[in-house]
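Presented sequentially are two complexes of chain A, the first with chain B as partner and the second with chain C.
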Partner chain A sequence: MSRPAPPKDKRATSPWISIKNDLIAYAFMAPYLFLFVVFLLLPAIVGVYASFTKWGIIGQPKWVGLKNYNKLINSGLFIESLQNTLYFVVLAAIPLIVLGLLLALLVNQKLRGRNIARAIVFLPHVVSVAAVGIIFQWILERSSGLLNYYLGLLGVNPPINWLGDPDSAMPAIAITTIWWTVNGNMIIYLAGLQDIPEDLYEAARIDGAGRWQELRYVTIPMLMPVNAFVIPLTVIACWRVFGQVFVMTRGGPQGSTFTVAQFIYETAFVNFNMGLASAAGVILMLITLSFTIFQLRAMKVI
Partner chain B sequence: MAKQSLFSILVVALAALLLLPGAALAQDTTAVTLMHGWTGADNTEMLNTVFDRFNMENEDGLVIEPTALGWDDLFTQLRLTAAAGNPPDVVMFHNTEVTGYAREGILLPVDDLMAAVDIDLTGVPQNIIELSKIDGEFYCLPGDLHPMNLYYNVDLVEAAGLDPDSPPTTGEEFMAWAEAMTITDDDDMVTQYGLDQPLGGSLGRWFFHTLLYQFGGSWLGEDGLAAVDSEEAHQALQYLVDLQNSGVSSMGSGVGDISAFQNERAGMVMVGPWMVNSYIREGKNLGTAVMPTFGNVPATWTNTHCLALTVQDSDENYLNGMKVIKWFLENYAEPGIKVGIVPVLPVALADPFWTDHEYAQYYAPFVDSLAISVMEPAIEKYTSVFAFGGQSPILRNLEAAQAGDKTVEEALADMKAGIDEILLDE
Partner chain C sequence: MSVSWRKDSVYRDGSLNYGRLALYAIMVFVAIVWGAPFIWMFVTSIKPDTEVFSYPPTWWPDEPTLEFYTRLFESFPMMQWFRNSLIVATITTVLTLATNIMAAYPLARMRFRGRRILLLIILSTFLLPGEILLVPLFLGMIKFKLANTYFSIAVPAAANAFGVFLMTQFFLTIPVELEEAARLDGCSRFGLLWRIFIPLSKPVIATVAIFTFVRSWNDFFWPLIISNTDATRTVPVGLAVFVGRGLSMRFGVIMASAAAATIPAVIFFLLLQRYFVRGISTTGLQG
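On to the complex of A and B.
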């Protein structure tokens, strides 16, 4: 026996009400949309246009076609900056995602003082990049830094010149970045964990699942939508690394921490070659877009 | 009714009290906007007190409206505001940056205005005056020099059995001091260095510049391209590398780091006068001396701060801007000693604020070294060639040579190639 169809709500189907609802929705979105268009979309469009021009801020841009892109492809500095940034992505992105999840699992335990623990773990997130950079310059200082002091107790001698050695400078930047930003991922994973229905864990336990199996067969699959958000954002943020490099090493020693964002900054605001900098920006955007699409496809989100 | 009238009168009186001073100020004063790069809490605050003094004196009804920006931001903002048609009236930056902005039409030639306000540069060294001119015309007015010289920790010098009243003047004397102050522990680990000479960074570049000119070299050749593949440049970089390898130098922790001297784990460091105040505030028993001569002739790195007028849509504020510049140059003693820079105008150097200041003794060697001070070439592409960032071919190759990752020959060849690429880039 089929159930009778519910009576139609005339108010909901009225075209006027529908338009009104749409307008209200747009009104709520308007402040963000305005800022998005003015400060993100329009500059991005202008940036793409500028990438085909020669422009030094002063005067009118001059159309040069693909010359800037050709120059970048043949630029040892730009290729080096891409390699350095990819190295940073590998060093930082994986720990940021894995540690973010582990920390979220830790502070999601029903233990005493967990709120205090959450606050302490989240605290570095509110520190400015300049302060983080300076603090870590002290921590990583070769002869009197905290890190080398403890490594010395473990028998690491001579002390590592973290920021002065081309081999250790990028790992040092990655360590700094992980300490500073892992808590952002932690908070998102924590929200995801708290959205997982308790019933699923109860059902798993009734089926005889242990803690590891709960994690593997309930927690991680249920966090896939969160992963689809966290992983691309983390990778994009790593590709755009700038502040900590600028404060701690300025791209040195010997260019070992010279990243794409710094290439763009120096090309635009030191050499005032806005066209070349814009072309580098477009390439960076295409790289991050490709990574994101690849990740989302691999996760079968799109 | 009476209550209402009284209320109305009170409201009007209050409004008048609030609005009238502003109206009076708006009528009687003319703003002169000034952009400068002396940032850091201390510098900006100190400079604001100097501007406040000018505003209080209110000469000709002029009021300085300052904007403090980090140097990189200043260069960007200056271009952006000029492109938008509203640059600051006055800009204060380095002589080395003037050529590029003048060629782009952002700066104003000021010879006529200098004459109009009677700016007297008598007594200013001729080489500094020449640096302020492009094609024979003044584009900026020099305010100070800040040469690189020798700092030493008197306590560590005395502990090493050396005489702090006779600082080194030659390379040999310098090495004797550095070796005497270098201390190693039982495991042969250095616990105190004689010298805190950093790896690369601005200080590394400036010391190489000093050595380059002491050995008779220069950055650019007559063809306008890099001349760092010369024999003199080879001698200079070899000296720097040998100094690094001698074991007396810390090479810092990270690029440009001189924390070893700050933490009293190094006896000497070479840096500009801007560190005097902070070292004294930290309680260091400090000595300063003119840069020793390591090469063939005395020379040391320096740069200047200068003040320039920007090209405006209207010329009505040019004279006011020049009056501000004149006042600032003549009253440079206070910002000079508080920021840690050496005024170049004789009237400022003779100011009791400078001569009688308790720190004057520390600044004396910096004044003495004005005659041997050499600036980097003020070329149009100065900020690109002599950049502080990761693109800089100078810093990369200095760091590589210091770290032993390139030979001196390789480093200089790559440095020349990198500089020439920038210079030849259209």
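On to the complex of A and C.
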């Protein structure tokens, strides 16, 4: 900075004053730090610890080493929940990101009524997962559901048993999730688009760039920093899918929508096997963390 | 020139611009896809039993009825669930605002030992999947006999770090000169926060408040685990448990329950739309 350095304040260098300064700072932060430590940091640490123990709903934890992890690796149910969740991540995260960008590009055009369109797409954001799950159970219903009726008009026959068929249940959950949460990514991309300086487009036009070239050589590269947090947040959210499944299928049919979060819920709060559930939570954390690091490295952010 | 050319028009030089027309068509399609489920939910909730399964589907009943809403509020403690949701979301929001504003001030404006490491720890929790916290929080609440209380549902949510991050970022943009002038006038640190930072940060405070409220209102996994009585059960948990009770054929009542939960949220959103857009676009904050 070009500003002249402020004159040295004698008090600021005195150790006593600097301790007082630290105390003031920590006094301001104390209420939040209390909540943070008690309800976030400590539970996270205890969660990792619990994964190495046998722990019921009452009584003391008993250290068992890696036994829970060993059990998980050999548990068909857990492996299945990992596969199902990975399948969901592929089905939902890619459209959430691509469609989020496309919708942002759409409502960024100078079109009459675009604010209304944006508001409508955004509306599901404020609706609870319970209501979303209920609405989509009805829309996806096999014989009287709205979706099958209109698909039928387009020639899709016989009607799809969306939530009743193991092959279509996960895609149905993904469709619901996309409708419900794509708006977040749309708004983030929209803010990113509006931050791109207009002169870049003008320069591209002077060089004879068409619309596609503008998109390819200006818009997409300029959105890279936005991608660096849209992609990990979307993927993490998809790995954590729970509410939609709980309301719409409870993991069925035939376990086809049984996800990791569902496994944790049932293991901890139905069967009260806290240690095993914690180990599953740690594995979920390792998966999302390694994905995030891998992705940020690939994008050269870190 | 006598003809003014509007950028949003589908006509250009007197002839149709097909590219624009296609964009309008896509936009209308998008609006229908995202709007129709809401309308369909509401229409179903006012259809008498005889019309619910009519084929082809009808977008308005011949004999609209509010019977299912009456039945919903008679059969289920909806008002109690609403009250619980309101109390829980209010506690979380007030606690979040009070603690986050206080914490953001030194993080943005003071030099103190441990600042960098503290920020790093707080921000790294964004990447933590919350499932890892559920077991310890649950066991802790049981141990201290706090399960099924408003406290147990509302308070853990206030530990979320998004608000601290957002407010710290905003406080950094407030001119230092203002602060220095006030300090020369003998204003204390707390006075600075109260008289300068809070009044200047009203938009960001509103954004954090609204987001925290909506997130708390819609929170599902934790309230599902920690409350199992109607005395504290929130609306989303009530709905999920209620649908789980096997009323599968009474679509009218079920849709009325979804509509009753959704309509207040939609009104809330329409009133405060700009804060939502600002909140997401500045932080990636999701509900």
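Assume the second predicted complex is superposed on the first by the 264 of 302 C-alpha atoms of A that agree within 3 Å, B and C clash if a C-alpha of one lies under 4 Å from a C-alpha of the other, contacts with A are read in each partner's own complex, and residues count from 1 in each chain.
Convention: a residue touches a chain if its C-beta (ideal position, glycine included) is under 8 Å from a C-beta of that chain, and two chains touch if they have at least 3 such contacts.
Keep in mind the model is a prediction, meaning the values are calculated, not measured.
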item	value
Touched partner set for A:109, first chain B, second chain C, both or neither	second
Partner chain in contact with A:166 - chain B first, chain C second, else both or neither	first
Which superposed partner A:269 touches (first chain B, second chain C, both, neither)	both
Touched partner set for A:144, first chain B, second chain C, both or neither	both
Which partner, chain B or chain C, touches more chain A residues	C
Partner chain(s) touched by A:158 [first = chain B, second = chain C, both, neither]	first
Which of chain B and chain C A:77 touches, first, second, both or neither	first
First, second, both or neither for A:57, with chain B first and chain C second	both
First (chain B), second (chain C), both or neither touched by A:92	neither
Chain A residues contacted in one complex by chain B, in the other by chain C	57, 137, 143-144, 250, 265, 269
Footprint of chain A on chain B - complex, ascending	72, 75-76, 79-80, 82-83, 104-106, 189, 199-201, 250-255, 257, 259-260, 263, 265, 383-384, 387-391, 395-396, 399-400, 403, 405, 422
Chain B-facing residues of chain A, complex	56-59, 77, 81, 137, 140-145, 157-158, 161-166, 169, 248-255, 257-258, 262-263, 265-267, 269-272
Touch list for chain C against partner chain A, complex	7-8, 20, 23-24, 26-27, 30-31, 33-38, 40-41, 44, 52-53, 55-57, 95, 98-100, 102-103, 105-107, 110-113, 115, 118, 121-122, 125, 127-140, 142, 155-156, 158-161, 164, 189, 193, 214, 217-218, 220-221, 224-225, 235-237, 239-240, 243-244, 251, 254-255, 257-258, 261-262, 265-266, 268-270, 273, 276-277, 280-282, 284, 286-287
Contacting residues of chain A [partner chain C, same complex]	21-22, 24-26, 28-29, 31-33, 35-36, 38-44, 46-48, 50, 55, 57, 103, 106-107, 109-114, 116-117, 119-131, 133-139, 143-144, 146, 149, 179, 181, 184, 187-188, 190-191, 229-230, 232-233, 236-237, 239-240, 242-243, 246-247, 250, 260-261, 264-265, 268-269, 274, 277-278, 280-282, 284-285, 288-289, 292
